Amino acid sequence: MSPLAALEAILFVTEAPVPVSELAEVLEVTPDEVERLIEELNANLEARDSGLVARSTAGGWRLYSRPEAYPYLERFSSSATARRLSTAALEVLAVVAYRQPVSRAQIAEIRGVDSDSAVRSLLRLGLIEEAGRLSLPGNPAVYRTTPLFLEKLGIGSLAELPPLADHVPPAEVVGALEETFRPGVAEGA
Amino acid sequence: MTYHVSTAVFEGPLDLLLQLITRHQVDVTAVRLSDIVSEYLAYLEEMRRLDLDVTSEFLLIAATLIQLKAHALLPADAELDLDEELALMEERDRLLARLLTCVTFKDVAVVIRHRMQEANRFVPRISGIDQDIAVPAPEVVIPTDAVGLARIAASILAAPKDEPDLDHLDFDLPSVQAAIDELRVRISEEVTAGFDSLVAHCRRPVEVAAYFLALLELARWGFVEVSQEDWMSEIVVRHTGRGADDLTSEWAAP
Amino acid sequence: MSPLAALEAILFVTEAPVPVSELAEVLEVTPDEVERLIEELNANLEARDSGLVARSTAGGWRLYSRPEAYPYLERFSSSATARRLSTAALEVLAVVAYRQPVSRAQIAEIRGVDSDSAVRSLLRLGLIEEAGRLSLPGNPAVYRTTPLFLEKLGIGSLAELPPLADHVPPAEVVGALEETFRPGVAEGA
């Protein structure tokens, strides 16, 4: 069997993205050769009108079905249908992604609300995990995102997260808020 | 924790406050603080009526809002204590910073949702190595120890209904029960009183909030009637003449 | 997307063989056309030197890795990616450890998510095993942990598992509260 076919078989059976270095070891070729083989594999898949594509996420490679096939898969199996995260869970996920490692109390402070059930459901879905404990009374746990989170987001590393600065409210919103809360200034009445 | 009150659905006090502000900003550019404060307090009252858990977080923000409103209503030439003034500014800035942070994360969460939906259209295979290939099972690594496994089990097996009840913990909050007891005496004597005068002696924002909750409790028992001309005006408290001596408040110490 | 590519995507993601009739329905073509597409798919896989093949088993079709890939998959199965238990598998393992004997349905109910592939992977890794069947419709299997599990965890018997009560989080909650009410937490966005 050619290294190209072996590569495809590995990317097919793996349950998580495989780093290039591991592929090189298993295939007994150099990392550069792995990169070249992946390129060749994707070129082949494209040329043969395949429903599959090799993608790099979370620091490794894995085979996926093409996004155009998604409507068929939805019709076919419920497992392909993503469980929709609640807004609360998404907000907690965003806080953990940008502030990791972060404790439940810090998440609650940012969101202004107890977020325990959202944290639990993210832990259960494997999108976040415990990353140690603080040396504070009660030793609260701190959380970080997992490689699965990167894979689900389709990015290679946390550095590829959209810059948080792009999402700070624009100056006029900040101004309006400050106006509202400055005693005696915005109070016409 | 999601709250459903009247037509609003909100996740805690910051979210409620943001929704109130946004709702006003649709119509006008400058939002009046007093409108926001009154509406926020109205929601707290409604939450109490619906027996929803008004957490200390709601009360702390209410306290800051009440103080800011009170401050805004002072005449311009009023003599102010500089320390108090500074403390209030600090509270306000902290609240503003929290609101802005909260908005920022809400905004980026939408982008993350969108990215996840896009990425979700790439579906991986999850079946692993097929058994009929009979590849020997790998020498597995359990990435934790027995204590870690117990912790994982505990977090999964602790169903939501077993969530610890925080109500009994002492936050060093002023006692609502004490405020109820005191208000009952004072209102019986005065028949009608303005809320502002009833809390004139309070030093800390949380104390005002405690009296506010006490008032809601008394109104619920029918011991007092509470009225307000509009959002802006003072809350007027009137003694109904009904005795409430035999009632025990849920704020009573266990 | 062509029906051929969609077919390949379905046979890729499916966990169990898919009958021709079901494929015909999802792809909105006749069963004869499905048979023809499967033939075309296998010809394409062959032509592009793929490590995969579509095979018919148990009354349905599914993609498999080619038998020649065996030595590579064997090597891959001892790589770090393949050896590391996923978060989902770890959770299922924790549930089985403390609730054995337990069925798949019970595990899914406790975790709130479908856990079949995690159960399968733990079975394959030899960390859990079947411990009998319930006298319920369908006679579902129940699972228990294996001696290998004890060995990997470094304990002599199940009696040495730490008691769960030690890990219910009141202490953490108290710590978290203190943190929440500690004034002056920096909050720059």
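By written order: A, B and C. Residues from 1 in each chain.
One rule holds in what follows: a residue touches a chain if its C-beta (ideal position, glycine included) is under 8 Å from a C-beta of that chain, and two chains touch if they have at least 3 such contacts.
Bear in mind that the values here come from a model prediction, so they are computed numbers and not experimental data.
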item: From subunit A, the most remote chain by mean C-alpha position; value: B
item: Identity of the most central chain, Cα criterion; value: A
item: Inter-centroid spacing, subunit B versus subunit A (mean Cα positions, whole Å); value: 31
item: Cα-centroid distance, subunit B relative to subunit C, in whole angstrom; value: 41
item: Between subunit C and subunit A, distance of the C-alpha-averaged centres to the nearest whole Å; value: 19
item: Residues of subunit A whose C-beta touches two or more other chains; value: 12-13, 15, 63, 65-66, 69, 73, 79-80, 108-110, 123-124, 164, 168
item: Overlap residues in subunit B, where contacts from two or more other chains coincide; value: 57, 98, 100-101, 104, 123-126, 128-130, 151, 155-156
item: In the complex, subunit A residues that touch subunit C; value: 1-2, 4-10, 12-19, 22, 25-27, 44-45, 47-52, 60, 63, 65-66, 68-69, 72-73, 75-77, 79-80, 83, 103-106, 108-110, 121, 123-126, 129, 134, 136-141, 146, 148, 164, 168
item: Residue ranges of subunit C in contact with subunit A within the complex; value: 1-2, 4-10, 12-15, 18, 22, 26-27, 44, 47-52, 63, 65-66, 68-69, 72-73, 75-76, 79-82, 84, 86-88, 91, 111-114, 121, 171-180, 185, 187, 189
item: Subunit B to subunit A touching residues, read off their complex; value: 1-2, 11-15, 21, 25, 29-34, 36, 55, 57, 61, 68-69, 71-74, 76, 88, 92, 95-96, 98-113, 115-126, 128-130, 151, 155-156, 160, 163, 232
item: Touch list for subunit B against partner subunit C, complex; value: 57, 94, 97-98, 100-101, 104, 123-131, 133, 135-147, 149-158, 162, 164, 166, 169, 171
item: Contacting residues of subunit C [partner subunit B, same complex]; value: 9, 12-13, 15, 63-65, 67, 70, 73-74, 77-78, 82-85, 90-91, 93-95, 97-99, 110-111, 117, 120-121, 124-127, 152-155, 160-164, 166-170, 173-174, 177, 180-181, 187-189
